[in-house]
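Given below, in the form of structure tokens, are the structures.
Look at the two complexes coming up: chain A is in both, with chain B in one and chain C in the other.
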Partner chain A sequence: MSEQKIGVFICHCGGNISDYVDVERVRESVEGLPGVRVAKTNMFSCSDAAQEEMISIIKKEGLDGIVIASCSPKLHQNTFRAMAKRAGLNPYKYTQVNIREQCSWTHTHNREEATNKAARLVRAGIQKTLHARALEPIVTKTHPAVLVIGAGIAGMKAAISLSKMGINVHLVEKEKEVGGLIRDRESLFPTGQDGRQIVRGLFEKIKAADNINLYLGASVVGKRGSVGDFSVDIRVSNGETVSLSVGAIIVTTGAIPYRPKEGQWGYGRPGIVTLKELLGMISSQKEFKYLRVNGREVETITYIYCVGSRDKEHTYCSRYCCTAAIHTSNIIHDKWPEISQFHLFRDIRTYGNYEEEYKRALSRGSIFIRFSPKTMPEIEFEGERPVVKVSDLLTSKEEIEIESDLICLVTGLEPSPNRELTDILKIPVGKEGFYNEIHPKLRPVETVVDGIFIGGCAQGPKTSQESTISAMAAAAKAGAMILTGSVKMEPFVAEVLSERCDGCGLCEGVCPYGAISIKEDSGKKIAIINEALCKGEGACVPICPKEALQIRGYEHETICSMIDALIEGYEDVSS
Partner chain B sequence: MSKILVFSTNNISDPGIDMAGASHMDYPTGVSVISVPCSSGIDPRWILHAISKGFDGVFIAADGTDCAYLEDCTTRTGKVVSAAQKLLEENGHDPRRLKMAAICSVCSEAFVNHMKRFDEALKKLEAGDENG
Partner chain C sequence: MIRVNPKLKKELERYGEFNANQCFSCGTCTALCPMGLKILPREIFRFSLLGSEEKLKEAEDAIYSCLLCRMCEANCPQGVKISENIRILRTYFTERVFKI
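Entry: the complex of A and B
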């Protein structure tokens, strides 16, 4: 083992690691340790250039294994296993040491100790690679079905995409109707298409597809198993529980519009409405010559932007609301051109082509007034019509008073209340309450739970266009997995050290999967593992009095050598 | 600084611990994590090895009821803990050097609190040992 040659690469991760950990010192601390042939640092280990360089080092030095100290293995273990394979190494001769999530990011205030910790974690990783053996992944079959939770535009699009791939879909919606946020939206930006028609069209397709089972008024109440082989319990509308076997799960549970608290911005008083309520008014009065509120003809509408967005409670931008509000004002400009419209905004975020909506509103006479979050607009209710007072940030804070018939609070989106579902699926929720992907750019629709994908507004506020894109990405990911027919599982199953085993049979009784049996082999009783049945959880390991059972990759020797390396790491610093 | 070894699990507690870091939650720097597939497979002999070699404490971040492998993971991990505590005592170590709690994939705050409390408890234990 001491003759092995391994390479250790320590990542700056831009500054995500090196801002808090002295990566050069970590490198020095492991350089020259037994077995370490090369120790280098990378600015971004995951970049193509760094990978190519590592591959050439592996080949040039004839390395037997590598350690990369970088982010969580959840992010890049597969990337670097694939890289190891390209370099001619067995992927399992690679160890990823997590010095970002479990070191630099958590010990941001103590560079000295964070550096020491990173160094000892790398030492343990070196031991893991030195003890690692070449392994091949175990392949298991996937159930050819996908569960999609939530039938808004995202869930419906995902279900239809999967259905077209020939995959069975179970689409579960807790409400009695499909459509989610756009169910009763008449005109969607940027095309002006009718949301209700889109929903109806998708619903027809779902009904027509013979491989989509739609469950309305239903909810997920239980989940067992793992990727490729989930078993999910659904409580359907009649109260019964149905059990489904699926290979993958897509979560498209959407978001809900923020509802201002009673009295916030005068909400609850006549004439103060949210964007959704204004759309309702337009819809019911669109045939009339005048838009009316409380029986009075509307002459002036004032929009207040960022209500329930970018504040203490919701620190994020809800993305869709600027464009949705301006799109709505354009509808009003078209139908009732005599109405004056004032937009009180913090920043207008009509990104990309949505800028056209903004230009159009400007050209039709909409007046945009920028305010600072430090001097929020105020509403006074003394006269017949509420008066909005606002300091115009762009004209040296001149105070403007706008007497308005209608005040529209442009509200953002909040996460759907999904507590129960989150508890069942155990997928991470970010600090804003939306489901977290593994990485926004590298694995944007995957969660840390293998086989569970996310899409649409469940992940964060999105336009309907963006929701569709992410849902179809999730469908493509899940579909590719199902159509492959199998998933590659870690080859970390139990093995018997025959020289230690005395065939006592204790392990046979504790194995939850019936994977162990005692056989006679040339006159000696010995435990035999059925690898197809073994799941590698290791329940048999602590039971064996002879230390004759171990999980590949987590051998007694590997774990103990990692413990020793960590201890040496602590001592190295204190001495 | 207490030297704390955490046995964590790849799919359940690791993401929870990762999330603590991703949220920049601070916990004692003496904490080092070794990840394993499932907490039911942690060998009490590893725990004894860790304490004998110089770790002040071992924390099992258990799968609890979220375990994808076993329905009775909690019971099995409980047995591992009892066996390990017995082993520690037999070898002259305080069984309080071992702690277990279920840490789920979103339990970052719980993990941080456990680490802070365990670090304090181990410091007290150290002080007590010296006084006694």
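Entry: the complex of A and C
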């Protein structure tokens, strides 16, 4: 180890670090340590000039590895890895030590201790670089086909987009028809286009494409393999199981409209319907005016918003319902202007251009009454006629009673019941039951499982417009991956020290990604890691009674030497 | 307590361009009213829309105190013709309530 030569560079970050951490003292404390050939400070390590200088030092001194003590690796790890590569080093022989977020920014009240802590972190970083192995990214070839699960508007658009890239698509739908949530919808906001026509148009394109295989009444029953090379079992409508090889999977399983429980808001009694049911009434009853509820013509409709949204059970806003309800009321204003419409809302969220729908409803005579979640509207019955009682926040909390012929419960969306599929795909689900992306802004359609993407309402309630956008984003991500031909992954995966492993299988049970299997190898049971599935999460490491598993780049020896460096100078840390 | 009566609004619409339903209850008008009439004009419009003749009668003084200065109207983000709506209400009162 001691014959290695490494360079340590400590960054001022302008003053972000050096205002609180004495970077010169940190430099002095590591200068001359075994293996440290160069110890320098930089004003801004990330600047082009500083990078060029570091590259020339690496080359001149013939360094084997480097440590840069600066900001969070989230910010500049890739910058400095690329720099190390340009200097002829293996990028994994570089360690970034975070003395900004973890020292100067957090300990502004105590410069002395901030400096001491920075020095210890840098010493640990030096150990990491000294123990680092030259690693290469894991490269997997991609199978040129994509599985799309769910054939609603999102799934269909994703399938068509991929098909146009020349990629084979397997589109699996559990129902007997395509179209999902908009299959039976007539007018969709904001354009007023007929949902059924949109579905028909997409369906025609799918049928015409010779590289899309559509499986209706089918479901995913098994998945093996990993990014680039998944093997998926589909149970098709005749009960047979088909095995498919795909490089990526897009999950567009949608959501379902919330259905109030029987009796909740009077649901189940005549005249009390959900938005979906009201839309059904409009499309089936061309002469809606003469639709009789309890023997009366419909003269007054009252909408109650946020049913099944923003409550204890569903803490989220379902996004589409305000606009959908207001769009519906505009259809009614157009067709039957004599019908009075009252909207009982908590907050109207007709964001962006959907505001036009709200303005239109206001100008047509829709009356909006705001209630507080503390005083929810109540529905009573006078005979068979429902009367809504509500306290109006926009006057002085005046108690208002609205005799209504029809009450529309504007319901939100709930996650599709996908327990089985979730277990098969092993993709994370948020606390509300929708599939989670890695990062809502920067990686909005990727899941933590490489090669599995999400789109549409499977990810959370969306308008059809937003569903299409996310599905096409997922198709673009999956398509780019497939067309590249291979995928590169971080090499920080688990490895088995075969001489220690006795094949007990404890690790297999704790791996959340199904990356470990126990195999028989020349008469001895041993754990095998599927590197493409492993996330380097490390659950297997502490569970192993034989210390036979370690994460590459974080080997037992590396970690122990880093801990030793961190606690150096303390006599007995255990007491 | 107000029992909603959609007919009143339809009645008012017969007297002219009653567009109080454009109001989204921001309260700019109330803040600007030089008469400091808290009820004017936002709540009065609300009572009209909900059809509470009784509440409107209670607000009779306020309805007739309006100076028709249009300070509120000039600043209404929704383009509600406030002074015109007040005039319609006064006409309604004269004919239907005072029966003059």
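Just so we're on the same page, the second predicted complex is superposed on the first by the 348 of 575 C-alpha atoms of A that agree within 3 Å, B and C clash if a C-alpha of one lies under 4 Å from a C-alpha of the other, contacts with A are read in each partner's own complex, and residues count from 1 in each chain.
Criterion: a residue touches a chain if its C-beta (ideal position, glycine included) is under 8 Å from a C-beta of that chain, and two chains touch if they have at least 3 such contacts.
Treat the numbers as computed from the prediction; the structure is a model and nothing was measured.
Engineer: Applying the document's definition of touch, where does A:Thr300 land relative to chain B and chain C: first, second, both, or neither?
Structural biologist: It touches chain C, and chain B stays clear.
Engineer: Give one of first, second, both or neither to describe whether A:Leu483 is in contact with chain B, with chain C, with both, or with none.
Structural biologist: In the superposed model, A:Leu483 contacts neither chain B nor chain C.
Engineer: After superposition on the shared chain, which partner residues are touched by A:Asp392: those of chain B (first), chain C (second), both, or neither?
Structural biologist: It touches chain C, and chain B stays clear.
Engineer: When the two structures are overlaid on chain A, which partner does A:Ile400 contact: first (chain B), second (chain C), both, or neither?
Structural biologist: After superposition on chain A, A:Ile400 lies in contact with chain C alone.
Engineer: On the A-aligned overlay, A:Gly365 touches which partner chain: chain B = first, chain C = second, or both, or neither?
Structural biologist: second
Engineer: Which one hits more chain A residues, chain B or chain C?
Structural biologist: For chain A, the partner with the higher number of touched residues is B.
Engineer: Considering only the defined contacts, which chain B positions touch chain A in the complex?
Structural biologist: Chain B reaches chain A through residues 1, 3, 5, 10-12, 14-15, 17-27, 29-30, 32-34, 36-38, 40-46, 49-50, 53-55, 66-70, 72-73, 76, 79-80, 83, 104-106.
Engineer: Considering the complex alone, what residue numbers of chain C touch chain A?
Structural biologist: For this pair, the touching residues of chain C are 1-4, 6, 9, 19, 21-25, 42-43, 46-47, 49-50, 55, 78.
Engineer: Would you tell me which residues of chain A are touching chain B in their complex?
Structural biologist: Answer in residue numbers: 72-74, 98, 100-110, 113-114, 116-117, 120-121, 124, 224-226, 422, 426-429, 431, 448-450, 490, 492, 510, 512, 535-542, 547, 551, 554, 556, 559-560, 562-564, 566-567, 569-571.
Engineer: Using the touch rule from the top, collect the residues of chain A that touch chain C in their complex.
Structural biologist: These residues of chain A touch chain C: 299-300, 340, 342, 362-363, 365-368, 370, 392, 394-396, 398-403.
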